[in-house]
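Across the two complexes that follow, chain A remains constant while its partner is chain B and subsequently chain C.
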Partner chain A sequence: MGVFADKATAGAAGWPEGAEEASHTRRRRSRGWAWRVAIRCSTVFGLLVLTTLLYNVVNSTWGYVVVRDQLSDQLIVLLERSHITHAERRVDALKEVAGNPNAVVVLTPNLVPAVPDGYRTVPIGDQHAKLALIALVSEDNEFLLELDETLLLKLLPEGSRWSDLVSSWPAESVSLVLVVDEDGILSRWAARQDLPTLDSLGAAELLSVLETHLSAGLIRRYGRDEPMAERSRANLLSLVEERVKEPEVLATFNLRESLVQPAEIKAFADVEGAVASFHSWLTPGFLVRPQSANAAISGIRTALLGSLWVIAITICFSVPLGIGAAIYLEEFSTRNWFGRIVETNINNLAGVPSIIYGMLGLVIFVRALTQITSGSLFGTVSADEASGRTILSAGLTLGLLILPVIIINGQEAIRAVPDSLREAAYGVGCTRWQCVRWHVLPMAVPAILTGAILAVSRALGETAPLVVIGAATFISVDPTSPFAKFTVLPIQIYQWTARPQAEFRNIAAAAILVLLALLLVTNATAVLLRNRAESQRM
Partner chain B sequence: MVVSHVNGTTAGGGYALTASHLQVWYGDFHAVSDVSLEVPTHRITAMIGPSGCGKSTILRTFNRMNDLVDTARVEGSVHYRGVDIYGPDVDPVEVRRRIGMVFQKPNPFPKSIFENVAWGPRIHGFKGDMEQLVEACLRRVVLWDEVKDKLNQSGLSLSGGQQQRLCIARAIAVQPDIVLMDEPCSALDPIATLHIEELMRDLAAQYTIVVVTHNMQQAARVSDYTAFFSVIPETRTGELVEVGPTDRIFDSPEEPRTNDYITGRFG
Partner chain C sequence: MSVKPGAELLTGGLGMEVGVRKELARRRRPFEQFMHGALWLCGAISILTTIGIVYMLGQEALLFFRRPEVRLTEFLTSWTWQPQTLQFGIWPLVNATMGASLIAMALALPLGLLIAIYLSEYADARARRILKPVLEVLAGIPTVVYGYFALTFVTPILRNLFGIEVVEIFNIASAGLVIGVLVLPTVTSMSEDALRAVPVALREAAVGLGATRLETSVRVVVPAALSGISAAFIVAMSRAVGETMIVAVAAGAGPRNFAGWGEALGGLKALNLFQSAETMTGHIVRISGGDISYDSLDYDSLFAIGLLLFLMTLGLNIFSRAIARRFRERYD
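Our next item is the complex of A and B:
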């Protein structure tokens, strides 16, 4: 029964009345309710999917990692700083050791045969496969059998006493420590060191570390990428970390495991003789380190720079062109059959799979316009090594890809400007351009920007077309011009996820976070620009 | 009450606009056929008629506003100061500067009140004292006292009637000869309407005004001349039925259709 006894339509044919009206109202209400529930469900579902995605990424980005360095920072520095090639001093030193029961000589295994009488060897850091060290200690000092790498490193400051290391040891001063390098050449007295780390080494020293520890062939190969002498200190440092320190990741644990079972992880590390530490794969270092074959020290510097370069070129190319085309199509061209064909085409182009644009880019930019895209026309590289697979080609290809979207969005935005505004402007006698410049564009710019930035965001995440035009798989040198070889974040992520080692999935996750952050920054910039443009009009 | 402002049958200063044999098409649709009309200088000419009979269309041909409609096509001529504004050498930009327009719905620019008035003169290269010009225009439309303290506020912050006066100030700021008004009061309340009507009478001393209105009382109140348009029922094509001094049109129309319309038997 309806609530109201009297009805305006009482008696009129065709209107539901009484109970019929009430049930009709109820049905309308329940239909609305059903839709509301459906919409809410889909929103919740979307949020769930997003949360799962973020959870997955975050879960892989932080967590315990069990690492064993081939060579600790300190040892690398120690070896470097104490390196002397005078054969005579080796003899002197050994003589001196021979008369001093408190002396310790640190040798590499191939020198062990030269153990003087009354001395014995103590292996240090026996887990180190490559540069195992052996301390030579007097038989009179039983306690020195406990000497290990950590203690040895503590020994370095000159004038320290044995008791400084372990309180139960004698308070006699340590007379000397010798370090001998692999080639059997005596190193000089290990002078006091302030807890040395790799960071304390200068570029020249890092270079010498590399030369000491790497094969000449490998050095030559690196030199071909970029001459060793010209490399930056940061670059050399990362090479040392990768090649000399050689951290080996024994196991990685995700955030959930790390929070739930830290004790088990620590125990595992102890068993393996490695260090378990809570590791953030996303660090400032991750952003600035170049690519590497070793996940633990690999960074996304080259991919990030590549992405920024490519997107900058994409923006410079497609945004002005797209907005210009949108203005022309909406404000200047007359609507005739030609204009309609153009518009239909643009709409269709926006729906073409991105890989097709990759093929287009390959044909046009990489092949046909090699002279331009490789930079050989401008003399930046010689013609014979020119290849069009450059940042410029990538940027232009992505530009083509998002051009239709920008045009369509721009047209939409311009169309949304009410005609009354145009009439007002033309009414006082302005030209078409003045109308566009002073009234249509200021009104449409926020929406145009929103559309353009959405399109640019899409370009930032594009992989397929860049794979087609030939993104490089491994680049350790920063791109410095539009004519450089390139890789971009999504491609880097794709390559890392394809690796079998677990730790590459961790850095892929970290790189995804970086990409997400980049997208967020782009979108935030768009919102800021839009708000500014909106607040400027009244 | 019909107030007559006309002293004789001829207007003092001749004709500001002479339209002859105007025809307008929108695509294939013949919107207006064969309109010949003279607009007397410094008088208010009202265009009345049923909705859809082409009043706005004709008004917009007077300053080539129809150029902006892609499908619109105009035949015939409109002479202004001895020149056919549809002639080959005529730039519509120059036409619109001299023949300004006020629209049905107040449409100030989404800019400051000052900018609303100043923009027109500026794009036409006005180099004089802009503040003085803006003040003069705003005074002319009796808006100055209301807005002088908030010239930097948005034109859209004003009331509907104020906005329409601002639009009139904007139109006269570029020193036109003729101001075309397309139902300038239809979106306004009665008080605001009254203000605009007073303003129109006041402006008539300096400008030639052509006003479209669907309100016959308004036409009777403010205009000196009235043109009555009608529509041919079969084709929906508009045509000019009768034009003359307002008094005569309202007191003794020659055409029966005019009589039907003004006595409310039609449209």
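Our next item is the complex of A and C:
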């Protein structure tokens, strides 16, 4: 070999000697040392990647978020408990009060429009302070020039007539319009009042909040999903939080930034008129809330249920088939042509990219077998609405995908059963099946199951084939049958990662942690099973 | 089923009549036959899967090439993939796929081999006990998680290193590097198996002649295991070519087209790995993930890409097994 040839030519007359030999040896030693370091480093690289990957996910799952609500809790309650109307834009506000001498529009200084005819502005509070407001009042009511912070604060919750504020004022009823500002000053202003929290509102009040703030069309749409009157309080509350409160995430910070520079983050939030709070994107609520277009209140309930449904079908389909095929190949078809073809074929199938299985599933299960996979054959949906993009198609596709893996692992497990056992079984007159059923399988079952669980955990993380067969992009209804539309956890992660907004990266990270935990549990089961089987065999 | 010699001896020993033995052997056992048939069916399903794959890819791809808008020569030679303008040249997609795979292999090949050498030649039992599970965990992480990692961790690092103007947000290099990490466990475990299969006697002989541990590993053990190691690389390459989610997340959403061979290769523009480009798998996922109507040209074109992808990976896998068989050194 090369090394010895080097030595032979190293010295002119054969082997190096004396000082030459010493330096030659030194060189070889140092080369060996350098390479050893290189080899160690590349090994450390593997560890490093795993750590970085986990760090990266954890880093995004926790951290500060700066959130500004479109309407704060207090403002919502205030608007609900009083006679105030609120307008999203000042244009709406001006329309609301047009020609009404008893109207007051309250807005923040930066929003003051060109004052319309017949109106004038009244400053409320210290105009240089952060909480400054401007009131727009009619010129007809001279006395309104006296309007100040105390009077306004009184007016907000209960006052409905001018005379309630100051007895000398006329007994005309007031119509007050609040313009919701972008800086949240009004919200903080409302916060100075002693108002109940949003959580304490009853279902009826929540419903009325929704009816005030949402368009009739939107209410009708929600009503079609589930009648508004029948919805639970928690459901209404989450609707209010999503559609009325409309929390807008201004910025998110990862764990490292949150730990290193919390002061800067708080300062940033103050400037923006928002609230910075340390947020865990991974909460129990995250697991049980349905998907939502708003990252802050979105959850993975549908995806998690979808994953479980799909995996259940995959297991039912591929585990029995895979084990059967493994038994056939190892015990029945040894050395016949059919067995050899199947062997080669399975090895090739194991190397086919998963996305090709997705295309196979699309053609066979989604399109060719629509009648079965959509459930129209069983009368669950009518034939013209039938779509094969269901949990059943997904499960079967993943089943085909992991079948070769289960077969290969199963074969290995069966091969590990010593031949003496089979010979003994045949010796006492067992048929082939009896030998397999009563002697080979009991020995091989733990190993077979270990292999099967590992294969299933692969299916659990598989994304590409399910995107191809057409997972739904947005569903918020729990899957209830194999014929339901579906989304799964990995797809949810993919879709959230693909969004440009930073907060979706955060919930993608949280979902990744859930997925990894799920995989950890399945793999740990497999390892435990393997260890137990090994210790029993001893 | 013939009676095994052992069984014959045994029954003979019990003094059973020859007639009875023959009758036992010939007795019909319906359940036995049923189980045999059922298990045969299980095995046949895998054949059906293959037939299904080949048939559906071939059928739909044929539909695609039969269309009047599509020409096979254009498909195989053009550098523009633009379904809106009915231009279907496969090279932009293939170029991106090869770019990502080659980067992946440039990372996974040396690293994987070095780690395999470490595990098989240097590491003691304790180091192996720690390292093997780590590699198994790496192998078990879903690819979409790797995609997230590429986009949110590797890409920002690349952009910091080489400049924001040079490296686009979506780029082939970052996807390729992470695919390298993804196939690292494959390379390592297959190479390690090959290295460990080399008989200890060879190592002992080398050490006995005065070779250092490095010289033993690199000049004796690795050459002896070369067939297995090459097979590992090719399998890893095939996995890299077929990898989908990493490129779908991190490599970009749109093929990088060129006017022709001259533009693509002149100035090596096509080899710029810091730009976004779409691979074959990435294209399939993006198009089929949207609302696509069956029987459209887009839909059919996916199967043409799928067929090519299938042939590429199948070719690599068969090649790998052929190498492992053909060049295996036998030590008996």
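By definition in this document, the second predicted complex is superposed on the first by the 328 of 538 C-alpha atoms of A that agree within 3 Å, B and C clash if a C-alpha of one lies under 4 Å from a C-alpha of the other, contacts with A are read in each partner's own complex, and residues count from 1 in each chain.
Keep in mind that, in the parts below, contacts are C-beta pairs under 8 Å (C-beta built on N, C-alpha and C of every residue); 3 or more make two chains touch, one makes a residue touch a chain.
Just so we're clear, the structure is a prediction, and the values are computed from it rather than from any experiment.
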Once chain A from each complex is brought into register, does chain C clash with chain B or fit beside it?
clash
In the superposed arrangement, does A:V244 touch chain B (first), chain C (second), both or neither?
neither
On the superposed three-chain arrangement, identify whether chain B or chain C touches more chain A residues.
C
For A:L398 in the superposed arrangement: first (chain B), second (chain C), both or neither?
neither
Check whether A:A274 is in contact with chain B, with chain C, with both or with neither, and answer first, second, both or neither.
neither
After superposition on the shared chain, which partner residues are touched by A:L421: those of chain B (first), chain C (second), both, or neither?
first
So, A:A498: does it touch chain B (first), chain C (second), both, or neither?
second
Partner chain in contact with A:I475 - chain B first, chain C second, else both or neither
neither
Which holds for A:V310: it touches chain B only (first), chain C only (second), both, or neither?
neither
Quick check on the superposed pair: does A:A508 touch chain B, chain C, both, or neither? Answer first, second, both or neither.
second
In the overlay, answer first, second, both or neither for which of chain B and chain C A:A533 touches.
neither
Which residues of chain A are in contact with chain B in one complex and with chain C in the other?
423, 426-427, 429, 431
Can you tell me which positions in chain B touch chain A when the two form their complex?
63, 65, 68, 70-71, 93-97, 100-103, 105, 107-112, 119-120, 123-124, 153-157, 167, 170-171, 173-174
Footprint of chain B on chain A - complex, ascending
334-335, 418, 420-431, 434, 438-439, 442-443, 537-538
Which part of chain A faces chain C closely enough to touch in the complex?
1-4, 28-29, 31-32, 35-36, 38-40, 42-43, 45-47, 49-50, 52-53, 56-57, 60, 320-325, 327-329, 332-333, 338-339, 341-342, 345-349, 351-360, 362-364, 367, 400, 403-404, 407, 423, 426-427, 429, 431-433, 454, 457-458, 460-464, 467-468, 470, 473, 490, 493-494, 497-498, 505, 508-509, 512, 515-516, 519, 523
Given the complex, residues on chain C that touch chain A span 1, 4, 6-7, 10, 29, 31-32, 35-36, 38-47, 49-50, 52-53, 56-57, 60, 110-111, 114-115, 117-119, 122-123, 131, 134-135, 137-138, 140-149, 151-153, 181, 184, 188, 206, 209, 211-215, 218-220, 223, 235, 238-239, 241-245, 248-249, 281, 284-285, 288-289, 294, 302-303, 306, 309-310, 313-314, 316-318, 321
